[in-house]
Amino acid sequence: MIVIMNNKAKDDEIKKVMGIVEGLGLEANLSRGGSFCVIGLVGDTSIIDGDKLMAIDGVEKVLKVQEPYKKANRLFKPENSIIDVNGNKIGGKNFAVMAGPCSVESEEQIIEVAKKVKESGANFLRGGAFKPRTSPYSFQGLELEGLNLLLKAKEATGLSIVTEIMSTDYIDVFEEKVDVIQVGARNMQNFDLLKQLGKTNKTILLKRGLSATFEEWIMSAEYIMAGGNENVVLCERGIRTFETYTRNTLDLSAIPVIKKLTHLPIIIDPSHAGGKWWLVEPMAKAAIVAGADGLMIEVHNDPVNALSDGAQSLKPEAFDDLMKKVKVLVELEEREL
Amino acid sequence: MIVIMNNKAKDDEIKKVMGIVEGLGLEANLSRGGSFCVIGLVGDTSIIDGDKLMAIDGVEKVLKVQEPYKKANRLFKPENSIIDVNGNKIGGKNFAVMAGPCSVESEEQIIEVAKKVKESGANFLRGGAFKPRTSPYSFQGLELEGLNLLLKAKEATGLSIVTEIMSTDYIDVFEEKVDVIQVGARNMQNFDLLKQLGKTNKTILLKRGLSATFEEWIMSAEYIMAGGNENVVLCERGIRTFETYTRNTLDLSAIPVIKKLTHLPIIIDPSHAGGKWWLVEPMAKAAIVAGADGLMIEVHNDPVNALSDGAQSLKPEAFDDLMKKVKVLVELEEREL
Amino acid sequence: MIVIMNNKAKDDEIKKVMGIVEGLGLEANLSRGGSFCVIGLVGDTSIIDGDKLMAIDGVEKVLKVQEPYKKANRLFKPENSIIDVNGNKIGGKNFAVMAGPCSVESEEQIIEVAKKVKESGANFLRGGAFKPRTSPYSFQGLELEGLNLLLKAKEATGLSIVTEIMSTDYIDVFEEKVDVIQVGARNMQNFDLLKQLGKTNKTILLKRGLSATFEEWIMSAEYIMAGGNENVVLCERGIRTFETYTRNTLDLSAIPVIKKLTHLPIIIDPSHAGGKWWLVEPMAKAAIVAGADGLMIEVHNDPVNALSDGAQSLKPEAFDDLMKKVKVLVELEEREL
Amino acid sequence: MIVIMNNKAKDDEIKKVMGIVEGLGLEANLSRGGSFCVIGLVGDTSIIDGDKLMAIDGVEKVLKVQEPYKKANRLFKPENSIIDVNGNKIGGKNFAVMAGPCSVESEEQIIEVAKKVKESGANFLRGGAFKPRTSPYSFQGLELEGLNLLLKAKEATGLSIVTEIMSTDYIDVFEEKVDVIQVGARNMQNFDLLKQLGKTNKTILLKRGLSATFEEWIMSAEYIMAGGNENVVLCERGIRTFETYTRNTLDLSAIPVIKKLTHLPIIIDPSHAGGKWWLVEPMAKAAIVAGADGLMIEVHNDPVNALSDGAQSLKPEAFDDLMKKVKVLVELEEREL
């Protein structure tokens, strides 16, 4: 950490900063130039709150030199993390495809979609049992019944299941029944939920918050990892910008950035990002060649009657077509589906 | 709700939309012009998911005519809601000032600050016991001990206390001990928490999410109100934009907008929005004349040693100065502190 | 300027940076700590492009310690700039009110509005002759004829006129006829226009770009000032954010921020920011107590038939009511209209 | 265009709207439902300003059904536009690669880079002669001398040249010397420049503004096309969002969106978007499979000494490597470089 004093900083202000830093057991190195004065901090600076130093008169800026995350940091673990879910691997050379409906609606629906997406090559079944809906009056998901239907679809197809958790109240049930626990964008900074998931050993799919910076997103992964659970997969699903034609703006640069900063796998959800089914294919293809470790894609056997998010779902035939193109690019990138 | 068909929509597509709508028990009125075809829906359209209709070929846009919120809607309750917290009223002619440190740090600190802010005219004591921190390695608050210290400060001063809840696990404790339960920006769409708070009868201070639209924010209030608890106060605390000089961008237009759309009180937190203490006074003053129902202001007796958010805290003397200016403007606006 | 090397930087990379810096005639001070290595640059660092240094292996960050603007910088001119326009002063204790229609439409219209706003207390007449319209098919303004009508309104009322320039082709005409030349948000970084305006001695009203940071905005003022024209007034008119209920988000924190960083006057345009007439009054009042040096307000005698921007215009009677409230607050702030 | 009246709209308000519409020579069709009242407008609605209608009491929303652009609209010209620049085609099956330094710095530099990028497969040489710099104190480009150096590089290699125009003052020179005239992001809504470029018959490369919506961007293309020049190529180069780790956020969904809404070619500039050289390759690859018609890539023979934008430039060797991967994907997409 580096503290930059402003050019009107007085000697006693500089001393005050150094005193505080040294009082915390760190070393403070002073360096002065013509128009600048910099204090370099040596030691474990993760215990210092930069905002606190900013409150001292004379301090211009406080700069973190080291990233605030440790367990997720590629600096401390250079090789890619590979996460094993019932034998299906995520990360490394492996390419994961998670497909299924936005919401679980009925036994018939989920089993039919599961069979179809498996045939087309998906290796995970996604489907919402607990749904985060903006309105309290919208369909909130089949909840526990939905979880059980997902298990039936798993039984019928062998696909591992991915579904979203919305409350710490259900952690035990999810631990028992679900293969990959999804934390949605709206709960990315529900720190209490993250902490409790850190105590499980389930794979956690952590979606990027609507307005979360890369650092905040990685710090949320760090919450889970700091608790002892290093099975974290990140998922970019679009950020909120001024553009409203697309529901959100899919930030594909997240792929190389996350791979540079962390060792965690990252997958892309092109369905939620754009909110339009015809954006799914080009964005899915783009994600693969940009280095993504997988895709999460909404597939529904009857988009018009879907209880949520119909406009962005592919029909099974369209998904099957897409998977043909996906396979070509996955192979080209020397990865395995 | 109005469905606008595109100008290439075929007759059977139009019929399909009308069939679905009528199948849900609503009336569908077709209106055609030269280049447009509009279907107006009559009945309780809150049960229809617009996205679902968007998935039908031929549909151009689906437009909600009515706001999706009911209990929060000024249309259905024209007069301002006034919420009573131990005799202190929020809303209407009343002006609330909630002041105190970012975090509760010690008995001495919280009682001293409480006494100071009361002397200056505050009528609520704010202070964080459970802290939402970006990093798992940062100070997370004194938690339950912090709540108890707030109670001691309440005992010493008579000030009602406002503090943030981060987990449904603590709802019972908060219901017993806290006067105003704050839901932070990061939990604004933690729908499970909102639902459970809807079952209490505590006053809930609902902060606007970092990238929440007005409608999403009001819908989160609606979650609480739909559960039966209509004691909701909204709090604008800055939104996330491209500008980084200020921590967030305080959106003061939220005041007239919320007053137009809802009957709920709205208060402003100028401390968190800007992240700089010298922005607090001008933004606090601006909030009052723009029609806010109150202010939430960070005050610390020793910002440099504050365990969090020092740079944006006012010292008690600065808060006292501010309150003199606040009182002039509150009176000018014909309100009562 | 400070260059922070990353913790894997090699000695020859450090030497390379120092060599480049010294080759440009600057002094380079090296400071090393446990996990950091910082190079402080002494001398006129405005000649160095930080991005260039960022391209060297081993460089982590390049940090500007000094703001990149000089003439606009309050550091080098601590007192407020006061700009005299035909005896009407902007800045310091003075409060300016610029009012009038979005577009000049006819002689009758502009003279009538000018008389009305003068009676209510405005000291400048605003009105668009050249209009920046998103569509080439929309009304583009009366252009030169509009300028002449503004001059007639000036003659009839004595009000100084403010109007927008859209092309360097008209600089001579604007210099001759206009009192305050407005640069619109879309042209804030039309650097060629700024440079040429820097060679005039007219007062320039520089609106903030839709997504311009404070620093970029000030740098655009610096372009004008660097050319020799220091008569620059800044105008905040709302920034583009994710929120669409309001046309833009009015960033009132711009007032204290601009006053801290620069010595230039800043005025607020609440009409364009929100895009709704009922937002004008609360935001105008807020601007005054936050320290603004003036207001720019749209007034139209017939909003419904206005050729542009009707929804955000006040009728003369509403403007007159507003001015009564404006006067009370201007006086309270110890300023003079 | 459709006008939606609010549910408190009175009969005379409805009549007023209809009267205005009919007064403009359009047909107004009234449709009433239980809680809604809609007026459909038939005729050339491009002459109506929606904001004007919004100012009438009782009007809730004004909705454009038709896109406001005509010449750029795919609806009216379903086949892809293919633009011929000295025999090099942009659009359709063709894939364009524009490469070169950010700034033209010397004859030696530009000719060397031109030769290198041609060898690697680029078919256009890009290079800035007039540079839009945030600071008036930064290098502003070699200006006319830079243009002449580009011509020498064209002579030496046969590559067509692409360079940015910043002022209408130079339109004649650009028309004479430049093959593709670039309009930068900051000038995307410099309407006067767009109008004058509409009178030339040069190919115009129109970059998306930092905070321009798709519609605004297309409308700027429409300005050029409405003037008679239909040779417009769009270029996505990153939009401004809250994320600061990358300079801008590259919005690759622009590719399918622009292709759906317009018939114009779209190319991607991954160098400026991210501001980091290691983002160029993954984003370039992603752009190709998402359907882009070309790439614009910064290449410099000496990034460290580059006078601008060094951090995002590729060295010629890295560009050569990239082009090998580009060619594989271009072929896979059945296009020709």
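Order of writing sets the labels: A, B, C and D. Residues in every chain begin at 1.
Methods note: contacts are C-beta pairs under 8 Å (C-beta built on N, C-alpha and C of every residue); 3 or more make two chains touch, one makes a residue touch a chain.
The shown structure was predicted, so the numbers you read here are calculated from the model rather than taken from an experiment.
Chain centres computed from CA atoms place A at the largest separation from chain C.
Chain pairs A-B and A-C differ in how many C-beta pairs are in contact, and the one with more is A-B. Centroid to centroid, with C-alpha atoms defining each point, chain A and chain C lie 39 Å apart. Centre-to-centre separation of chain B and chain C, using mean CA positions: 31 Å.
Taking each chain's centre as the average of its CA atoms, chain A and chain B sit 26 Å apart. Residue positions 211, 240-242, 244 of chain A each touch two or more of the other chains. Within the complex, the chain B residues that touch chain A are 16, 20, 46-47, 49, 51-56, 68-69, 132-139, 166-169, 186-187, 189-193, 195, 210-211, 216, 219, 222-223, 226-227, 240, 275, 277, 303-313.
Those residues of chain A whose C-beta lies close enough to touch chain D in the complex are 211, 213-215, 239, 241-246, 249-253, 255-257, 260, 273-274, 278-279, 282-283, 285-291, 328-329, 332. The touching residues of chain B, when paired with chain D in their complex, are 2, 4, 6-7, 27, 29, 31-36, 38, 40-43, 60-61, 63, 65-66, 211, 240-242, 244.
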